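The same chain A turns up in both complexes below, where it pairs with chain B and then with chain C.
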Partner chain A sequence: MIENSRSIDRWATAILLCGLVFVLTPMAFVIVTATQSYEEFLRRNFSLIPGGHFAENLREVWTRTDLPRQTLNSIIVGAIAATGRIALAVTTSYAVVFFTGRGRGLVYALVVASIMLPLELMIITAYQVTANVALPLNALANAGGLWSALAGRPLDLQWNLLDSYAGIAIPLMAQGSCTLILVQFFRTIPPQLARAAIIDGAGPLRFLWDILLPLSKGPLTALGIYMFISAWIQYMWPLVAASSPARTMAVVGLARLQEEGERIPDFPLQMTGAILVTLPPLILIAVFQRRIVRGLTLSEK
Partner chain B sequence: MTATNAPAAIGLHGLRKSYGATEVLPALEAELRGGEFTVILGPSGCGKSTLLNCIAGLERLSAGRITIAGREVQEAEPKDRGIAMVFQNYALYPHMSVAGNIGYALKVARVPRAEREARIAAAARIVDLGDYLHRRPSELSGGQRQRVAIARAVVREPQVLLYDEPLSNLDAKLRQDMRMELAGLHRRIGATSVFVTHDQVEAMTLADRIMVLNRGRIEQFATPQEIYHAPATAFVAGFIGAPAMTLLDVAGEGGWLRLSDGTVLARHRHQGAALLGIRPEQVLADPAGVPARVIYREDLGAHSVLTLQLGDGSRLQMAAGPGRPVAASSDIRIALPAGALHLFDPLTGRAFARHPVPSDAMKVQDDAIPS
Partner chain C sequence: MKQEIFRARALPWWLCAPQLLVLFLFFYLPIILAFFWAFHLEQPFGGGSQFVGFANFRRVLGSGEFWSSARATLAYMVLASGSSVGTALVLALAADRRLRLSGIARNIFLWPKAVASASIGVIFVFLLNPYLGIPAPLNEIWPGLWNPRTNPLHAYAMLFVANVWSAIPFSFIILLAGLQAIPEELHKAGAIDGAGPWRRLRDIQLPLLTPQLFVVVVLEVADSLSGSFGLIDTMTRGGPGGATNLLVYKIYSDGFKAYDLSGAATQTVILMALVAVVTGAQYLFLERRVRYDR
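And then the complex of A and B:
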């Protein structure tokens, strides 16, 4: 048995090492390239010999590109999207698990179905609605010429959210995976706890605030970080929804660095930018690592 | 911290509860006297918890009325009914300290901090938890957790204390200790108590009166003595006692009760078909009695329980004292004393004739069993 598990250990180690090489090699190229100067890079092409120009590259990214500003944009949009998704997920899951209202099964099914509809699939509709949030309302009011008959002309309200933080972040919230996970967690909370709280005189909001949320701290932190990162790495929607450099998100900005000029792209600069853009999520994970792992097992001690 | 409220009677009037098409409680009618300790006893799934939740206000009634201290409460919020509840799995708030758990209801009710702390301390003293106020529930043993749950109920000074199988998660020894404590607690605070269990030992030891529930119907609501000695229905007879009463199909004719194969079992005036009930400890060994074959024997130390097979194949249990052991598959002869017989209607299960509580029928003859 012991030999057996030892050989399993060796195999596991070998497999892990292979995986590590697989994952780290591109990372190594990124980091090494970021230390080279443009001239060095042109001379040697891609190489794994580090240069000494990282600080210089960083200064250039900081001063010559929009990346610092765009990183801040990403932080803001990521925070709004993550907070919004968590808030929606908490309220939906609370209703689905702890209340016996009519139609809650249907609501839950619809929310889960939204997982199968990524934003990329609805991007044109999302763009139209973001360009005018009142669009659905207009369409509803004008159905069958209703509003024209009442007011003399069709309803035409305008509310453009394109190129704003809200306009980028809110469509990113419309996705049910958070709810799916949180419903599973809430189901592990003994229903007797809710009954005890009712006997103690706590109303539904009081129970949510005093008992359910404190008990869900771990999973909520973990989910929040996932959601922040998943907003961070969005490309398609932020590309479409933000047209001015002032609202462009970091990942989009990073890709735009490639488009500058016609000469051979300044890869050292781009790689330095990539490191800068990766840093905030990385720091977040480093700080909350233990909570994330505990949240993954969906348990609270 | 002793009774500040007068004991409150609980009235259940035509109480009905169904989930969709399944009727769990069909028209219940009962009066639980103020200050009494009522135990609701019944097999799993008979609707005990449902009934308790209805009284607590955690379930809405389908029909009927509930009164507590004369006031109709079926529409009132649980917190306004003057009740408190102890749950089977403690249901303590895991992220709060013991003091936080006990005092949560007071905090919600905006009781001022000083008064709150005094009442928490008093409640903790009642259940002997004074030293643990700052611990988390996860740092307590099962027994201590249940004490916290009891303190959490008591701190609100309720008129009615509801318990849903509060002891079933504890081991046997602790259960016995907690039984004693609950009895003491009931004497001290004097609140009307309603205690749900499927454990008849808890019911017999704690109850002033036991309500035996079967499929949502009250089979009998009486003192433990009456329930044991004069079961109103065959169901109660077969449920109470360890081992429970044996029930045999018999026919009465000409002053004798006979089995289906004609074997004469005992003297009795009853005419016609009946279910005959007899407690195992009241079956006597008698050399001139009915022949029976021992097919199984369980030795419990203080006594042993024999399973006997009678002439027509029906089975009967008999408790024998710690005398000479009787081997399995030996033949013995037994007698069923007339005073120990209970007869039930085979169709309705109702008792035909009530027996007075017998004075000497409990005696068990130890060494009269032939080997």
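And then the complex of A and C:
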């Protein structure tokens, strides 16, 4: 920094230390508790002395609970949602930034408006739509009794997506933040590049596939990782959209461990589950921290 | 909007179509449906719907339970987003000074992003358990000192702490990036003019950080609401005595547990209006203070 401001640096260090303690303490307690056996935990109550039962707890979580399968579900839904969001965002941002024509501003506004109202706020009717995706078709065909006049009875198509991977993942894609970030990024790409491509005889799709996508590899992977994590940590939507154990996601499964109804809950087991559920996204974040930050802020620093 | 290179009529629409279809089905249609059910009553035994005008609104607005839930939601929105943005701002300002700790802090402050709100709830409910958690020894000395299961204030304190913990990463990233984009020359010029660090914070850093602060505040308001469900469902379940029964949670229980579709949809419409008004107010009052050019 500029002047010799030791005292301020000391304050800043103290603040950062406080922040680190605040962030890390819960994690430390989770890890310590996960190493204790239930009996140990009951006898000693809350203690910071680690036990030697982590492997046992892990085995119990692995065999006695549904968490392994639910973790697989989280991986699948996370992968679908992340790829889908990136694909949708790439095509939309490409159309918004690189094309002339009317309606671009409107499309962009329609997409970005979705950032303000999260899925959690409209959970009831989003559930209704997912229970029958053909709903708008029915409504359109039956408007004014049209279909009844033609076919003798109202159109009643049923297409239930609840309890399927697509039904959990696709509504998670209905959010425009990814597009917002990509539009900002595409705008930083020099237009001369596209002009040169045109002179070389490349069409718009060729330019997208052969030049733009390879150029955006870095931001796209960062965004993809971030979107995977965002899908992984969802709770409310997977809770209502997946009713069968075969489609339950890991975070929902972890919250259900709470409900098993012993008088004093098996906290060591729960904390072991929490580690299992949190570790995959945590590793991604710790490893890709720089890339993620760069992708989100589009700054090279 | 200066790029506009390709000229094609149909292609850009085909490119946008998938995104617009998904958004229509799972964003705009749910909103339309919420308005539809707010003015209709579901007939029993699957008999379709009946238009009832404002009857649903009269019923919802006439219940005291709704008003206490709405007040709690508004207070939670303001306090939760305020406390988390404030914490992230202080941490970002500290991390912006190039200290030895900054590098590690930048990595570790992102870790909470990996923890789902429901997982945080499961963890904090244990850590703050009055008999088994961190406060247990204190509770033994002064019984009743801390009990979020019976004391609404304690329950809220628990929610806020968990919310701040989970909201640090996003605000921290954006604010730190904003701080680092402020050119060093401005600091130097300020220092030459005799402005100390506090003065520079107030007159250089904060004004130039307003675009990022604005984005973070707007998004945090929406995020605090959507994240609140996972916290409440795992920590308080709306209790004690309905004190933490925020609208997001109340809509869920009214709709999925009490099967009151019209009531839940009516409250959804009111909640969306509330968020829209708060966001709009932020645009009106905060955006004016935002300085985009540096």
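Everything that follows uses one rule, which is that the second predicted complex is superposed on the first by the 277 of 301 C-alpha atoms of A that agree within 3 Å, B and C clash if a C-alpha of one lies under 4 Å from a C-alpha of the other, contacts with A are read in each partner's own complex, and residues count from 1 in each chain.
By definition in this document, a residue touches a chain if its C-beta (ideal position, glycine included) is under 8 Å from a C-beta of that chain, and two chains touch if they have at least 3 such contacts.
In this text the structure is predicted, and so the values were computed from the model without any measurement.
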Fit or clash - chain C, chain B, common chain A: fit
Contacts of A:Arg195 with chain B and chain C, given as first, second, both or neither: both
Chain B versus chain C as contact partner of A:Thr91, first or second or both or neither: second
Partner chain in contact with A:Arg291 - chain B first, chain C second, else both or neither: neither
Which superposed partner A:Leu215 touches (first chain B, second chain C, both, neither): first
Which of chain B and chain C A:Arg206 touches, first, second, both or neither: first
Of chain C and chain B, partner touching more chain A residues: C
Inter-centroid angle chain B-chain A-chain C after superposition on A [Cα, multiple of 10°]: 90
Contacts of A:Arg69 with chain B and chain C, given as first, second, both or neither: neither
Smallest separation in angstrom, by C-alpha atoms, between chain B and chain C in the superposition: 8
Contact residues common to both interfaces of chain A (with chain B and with chain C): 195, 198, 301
Touching residues on chain A, where the partner in the complex is chain C: 1-3, 5, 8-9, 11-13, 15-17, 19-20, 22-24, 26-27, 29-30, 33, 45-46, 84, 87-89, 91-92, 94-101, 103-105, 107, 110-111, 114-130, 133, 135-136, 170-171, 173-176, 179, 186-187, 189, 191, 194-195, 198, 204-205, 207, 229, 232-236, 239-240, 251-252, 254-255, 257-258, 264-265, 267, 270-271, 274, 277-278, 281-282, 284-286, 289, 292-293, 296-297, 299, 301
Complex contact set, residues of chain B against chain A: 53, 56, 58, 77-79, 83-85, 87-89, 91-95, 104-105, 108-109, 138, 152, 156
Contact footprint of chain B on chain A as seen in their complex: 190, 192-193, 195-202, 206, 210-211, 214-215, 300-301
Chain C residues within the chain A interface of the complex: 1-9, 11-13, 15-16, 18-20, 22-31, 33-34, 37, 87, 90-91, 93-95, 97-102, 104-127, 131-134, 136-137, 165, 168, 173-174, 177, 180-181, 187-188, 191, 197, 218-219, 222-223, 225-226, 229-230, 233-234, 248, 251-252, 255-256, 261, 264-265, 268, 271-272, 275-276, 279
